[in-house]
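Naming follows writing order (A, B and C), and every chain is counted from residue 1.
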């Protein structure tokens, strides 16, 4: 019997090694030596760059950035890969497992964290000591992880959430687009008016609370050591109770029970809900989807502390050309090149030097321009609200339990306790 | 039937056996091994004994998921065994325009999940087509919550599965119907059998092996239901996740960089054991009938 | 209908024909919604709303421009060709491999046949959900990462199709085989002359299933392929769904373009559902 177990254990280890095969080669390299090679090496040779869903709209822009890089460093060759939007995490995961991550790769912080934990990413603060001086602290902090020393990516572009209101639906139902709600209580009060006037056909509230709302209600999401969740507090339960009562009153559509983050903008697009939260570029994309709705949208600043969304580029330790990789990452995220991207669509640069660009603080008279100005002002106080360790499974669990509480099938306390317990379990592995 | 060389059958089945071993058996063995570890997609698994299996026992969502999967199978099995056969009989005869109908009936099979979700949202939503009709006709005042009630969501997903599966199994039935020798039909007709009797005594016995195969396929695939429930609940599995199926749980745990491959593998194996049941039962029935 | 195969016994009356068409149209209405929505969206002009509470099935500002734009945006032809190559490899593999294996399982007695059949059947329920990454590592270690062959490989011989072919061969009357055996035919001759003509219907089912499976697969080709020039159509079409630039009209047009070859393959193959038996019967 013992022999069988021993055999099983060995195979288990082999199998586990196989699922993660290819990791061994990259991480045996000393990070410091890669970093110093990056800092001192000559920028030439081949370097690959992977972006996420920028083609075809930004093909010209990216080509321009790459041409500029080649001009600055003659003798360097850039192999640009743009991956489609869907399935990107699967793609990066397979690349990482097989040990063939590109030299510079666009990774949002929640992708970078597990790779950094596996010691696959370069600590760019070692290769680039001036990092914290040049990039805004929110952007750099997004790539610092609890329990890990260093910074595991160059912040690239930033975004935040803005409130959007459908002026048509508001005025049709006796509400004034000039007196928009500025907090949850006002929102609930106006939602009641909306419900009564429309006979329950239109809604003002269009999503259930999430981690961001808990945070804004003063709830601490995680313990300081990042090893357990703490959002099952009485304040959190009180917030859910408020939503539960509103739901019972019919102020929220049933859809919220199974909706995800994008759910409220879907309700907004179809003219069912008069309020949604979305990024600064929302009106522009709405103009493509529902051109008659887009001009009637009024933006306003997010309630309380807005969330900060960060995209960045990381460099795998296994890179064969660290000097060129670091130079390319810096070039891509340089103030000039970031400004170029931000002028094409409503995202914001992560470099300190860009803060004074009047482009971001001046509207152009359109509502999309207003949204950009509002978002840029919000960025100053935006925070990384959702802890990066919250993965797919955890956010599904949290969503499910909050829905359970809102629908009244479980008490808010029970639901929050259950969510915390399950998330803790997932966090431990 | 005899043949001279013993290796001929192995030669014929060889490539298939190779693929079987590499792409089916090896992943299964791998899953068994992983289920005893706490492996992550990026490696680093340690042997954890029966911990994952112990966890199965106190997973409340799993109990719900198992019940959902079994209800799903019990309802889908009769629906999808019979309806596609009727549909196949309907389109079997070559009447003008039949190619168009056959092709059209197959389109739900290939429709993308996103579009299916969109359309069925419009149909089943609180403000959707069905609720519109129900409220107009005065059958109900408040909308029926097809998409946010535990059991209604499950039955909506069953409806969607049936709708999507119609064309798929119709095609399998069509090819089987073609194998029922026409002479038998003609003989029966000469004997004065009514179309219904011919269906019962000639057609059905002729396609019986296919009916058996199809019912095995349906029971297995309905126990493994994923996309229909996923699509209708935006991946959330209903309020409180009470509409998760076992495969949805597996996906939830195995997805992404931090996927819990060990526990997901234990779930996979549990599902494997459960699906063996109806399969063995149906193959047994099949053999008896032979 | 040829006079030889006169079917006096089942010539339908006009009322029966009308009922049949009524049923056909009813089912048609039930199944065709998504298709219509895609088609209509792909024909809508930039001034029309796409996501409304009540979908408009008739485009007001009818345009074919979206199709042209798709072709301008992504190299549709290259991607389609890649998809065709993958599908062709898969079809060839399945038609040959599954026919041989299906025939052996249905018509030849050999030691271990039951075990082999049991294993094939077991694949319907064998777990494989959590191993996609290790499958990629395997294909990569064969040196097939970033190649169309690597994309096609796992699907080039599907176990379900082996079972379908076995069912089809098992349904061929044993007397036909017996007669050929008496004539001294070898296994290959019996397979070729007796078996195959009787299973063309199922073969065409396999062609359809395989084609659609290979054509629609998204995640696997995405994982295997790196070079955008090698992308298959479903992966390439994802470029229409960019982060800041998703236009549902273009996505719908792309989907319709991807849809046409499926219709073509289906329409061609479904004819064979009926041919097989007639020819087989003549020979028998």
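We take it that a contact is a pair of C-beta atoms (placed from the backbone, for glycine too) under 8 Å apart; a residue touches a chain by one contact, two chains touch by 3 or more.
Quick caveat: nothing in here was measured; it's all calculated off a predicted structure.
*Asks:* Which chain pair is joined by more contacting C-beta pairs, A-C or B-C?
*Replies:* Between the two chain pairs, B-C has more contacting C-beta pairs.
*Asks:* Which chain lies the greatest distance away from chain B when centres are computed from Cα atoms alone?
*Replies:* A
*Asks:* Please report how many Å separate the Cα centroid of chain A from that of chain B, as a whole number.
*Replies:* Chain centroid spacing, chain A to chain B, equals 35 Å.
*Asks:* In angstrom, rounded to a whole number, how far apart do the mean CA points of chain B and chain C lie?
*Replies:* 17
*Asks:* Suppose each chain is reduced to the average of its Cα coordinates; what separation in Å results between chain A and chain C?
*Replies:* Roughly 38 Å, centre to centre.
*Asks:* Where in chain C do residues touch two or more other chains at once?
*Replies:* 53, 131, 133-134
*Asks:* Which residues belonging to chain A are in contact with no fewer than two other chains?
*Replies:* Residues 15, 18-19, 21, 93, 97, 272 of chain A each touch two or more of the other chains.
*Asks:* Could you pull out the residues of chain B that touch at least 2 other chains?
*Replies:* 30, 34, 41, 127, 259, 261
*Asks:* Which chain A residues qualify as touching chain B in the complex?
*Replies:* For chain A paired with chain B, touching residues are 8-9, 11-13, 15-21, 23, 89, 92-93, 96-97, 111, 113-115, 118, 120, 201, 253-255, 257-260, 263, 272, 391-393, 396-397, 399-401, 403-404, 406-407, 409-410, 415, 426, 429.
*Asks:* Applying the document's contact rule, which stretches of chain A touch chain C when the two form their complex?
*Replies:* 15, 18-19, 21-22, 52-58, 81-87, 90-91, 93-94, 97-98, 100, 266, 269-272, 281, 284-285, 288-293, 345, 347
*Asks:* Would you mind writing out the residues of chain C in touch with chain B in their complex?
*Replies:* So the residues of chain C touching chain B come out as 5, 7, 9-10, 12, 17, 20-21, 23-24, 27-28, 30-35, 37-38, 53-55, 93, 96-98, 100-101, 103-105, 107-111, 113, 116, 119-131, 133-135, 138, 154, 156-157, 159-160, 162-164, 167-168, 170-173, 177-178, 181, 186-187, 198, 201-202, 204-205, 208-209, 212, 216, 255, 259, 262-263, 266-267, 270-271, 273-274, 276-278, 281.
*Asks:* Residue numbers of chain B touching chain C in their complex, please.
*Replies:* Within the complex, chain B touches chain C at residues 1-3, 6, 8-10, 12-13, 15-17, 19-20, 22-25, 27-28, 30-31, 34, 41, 87, 90-91, 93-95, 99, 101-112, 115-116, 118-119, 122-123, 127, 163, 166-167, 171-172, 174-183, 185-186, 189-190, 195, 206, 209-210, 213, 216-217, 220, 247, 250-251, 254, 259, 261, 264-265, 268-269, 271-272, 275-276, 279, 283.
*Asks:* Using the touch definition from the top, list the residues of chain B that touch chain A in their complex.
*Replies:* Touch list, chain B to chain A: 30, 33-34, 36-47, 125-127, 143, 145, 147-148, 153, 233-241, 252-253, 255-261.
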